[in-house]
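Chain nomenclature is as follows: A, B, C, D, E and F, assigned in order of appearance, with residue numbering initiated at 1 for each chain independently.
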Amino acid sequence: MKISARNAMKGIVKSVVPGMVTTEVVIEVAPGLEVVSVITKSSSETLGLKVGDQAYAVVKASDVMVAVD
Amino acid sequence: MKISARNAMKGIVKSVVPGMVTTEVVIEVAPGLEVVSVITKSSSETLGLKVGDQAYAVVKASDVMVAVD
Amino acid sequence: MKISARNAMKGIVKSVVPGMVTTEVVIEVAPGLEVVSVITKSSSETLGLKVGDQAYAVVKASDVMVAVD
Amino acid sequence: MKISARNAMKGIVKSVVPGMVTTEVVIEVAPGLEVVSVITKSSSETLGLKVGDQAYAVVKASDVMVAVD
Amino acid sequence: MKISARNAMKGIVKSVVPGMVTTEVVIEVAPGLEVVSVITKSSSETLGLKVGDQAYAVVKASDVMVAVD
Amino acid sequence: MKISARNAMKGIVKSVVPGMVTTEVVIEVAPGLEVVSVITKSSSETLGLKVGDQAYAVVKASDVMVAVD
């Protein structure tokens, strides 16, 4: 599947912390650059995510803000 | 200001393409890793974003999906 | 690519209306049930979307609200 | 109330799974087509959602991505 | 329609600026407190929004970040 | 940090309810006007949010819908 989301950052799963409904997943997309995601617990289970897996952090362009110092 | 968004990726603005209401901003957050953002044109102007500036791509954790090959 | 977004509704592209930065895409996901999407114009062009194509409307579960009459 | 969200898909609540802060709600919006939502637990309780209820899955157009095979 | 979005701030439309696909709408929800929205142009037209109208700014709780100084 | 999110409503934290992965935070941004946020538990802890603190509810313009009666 090819998706319209402009941002698909390839990386390695660093942690998977499940709650009751949602799960927090951390992906290292570049050396020292981690992206944190909260997805449904069922999605995480369906994808079978575990530490060390290769995965993508996917973000729609309209969900990215810009900040400056 | 310190924000709850878990993801603030520091980088360099590579392009700023304004439309009538929204503007597309591309930030390189690691070598070869670009993040695309669509923000309001007025926000882009208020921040004074231009190519070569240092900026952050900011994303709320609940807006990050995870994909696997 | 297999994505964590819980909702991927398969359908047929009914219209593609480009603006300067964003494009509105309408997908019929069931008889008489259309889903409207606004994506970046560049994504729409990369995907090569045109009327009559098969496509999926993809939505993260945390972006779905519930309403009652 | 009439809302700007372009997508309001009418259906039947198939499941309601509460966590501590959020609740997962599944709505069947067409035969065999389910939409999964994560809302706050308090919203779910305020709406009084339960299996078998009629409800709408509401999504803002900018939160819909498009994918192709 | 009663919606799960926890935030529905009642106010007065201060401006409506249409683009080609999206429209920027500003609503004053308390004295001196304005909320800016970008919706599809077609939604804005369907709602018939114009300056001086009473309207609500509606936001899903998962789309609200928190910041501190 | 100066962010592109058009909406930053200053207020007082009224409640902080942690779950396992997410935390619900309520901020009163004007007399009688509360905004509800769901953020990651870790963000809430990093910010050190507690009742009575001054804080901002921050929302991207594309995440604000408009409704009329």
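Quick note on the criterion: a residue touches a chain if its C-beta (ideal position, glycine included) is under 8 Å from a C-beta of that chain, and two chains touch if they have at least 3 such contacts.
What you see is a predicted model, and the numbers here were worked out from it, not measured in a lab.
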Chains in contact with chain C and with chain E: which ones? B, D
Scan A-B, A-F or E-F for the interface that duplicates C-E, counting it as a duplicate when over half of the contact pairs agree by residue number. A-F
Look at all chain centres (mean of CA atoms) and spot the one farthest from the centre of chain F. C
Of all chains present, which has the mean Cα position farthest from that of chain A? E
Which integer distance in Å separates the CA centroid of chain A from that of chain D? 22
On a C-alpha centroid basis, what's the spacing between chain A and chain E, in Å? 29
Where in chain B do residues touch at least two different other chains? 1-6, 8, 19-22, 24, 36-40, 42-44, 47, 56, 58, 60-63, 65-69
Could you run through all the chain pairs that touch each other? A-B, A-C, A-D, A-F, B-C, B-E, B-F, C-D, C-E, D-E, D-F, E-F
Which of the residues in chain F come into contact with chain B in the complex? 1-6, 8, 37-40, 42-44, 46-47, 56, 58, 60-62
Interfacial residue positions of chain C with respect to chain D in the complex: 3, 5-9, 24-25, 27, 29-31, 33, 35-39, 43-44, 47-49, 53-69
Touching chain C in the complex: which residues of chain E? 1-5, 19-22, 40, 42, 60, 62
Contact set on chain D toward chain A in their complex: 17-24, 36, 38, 62-63, 65-69
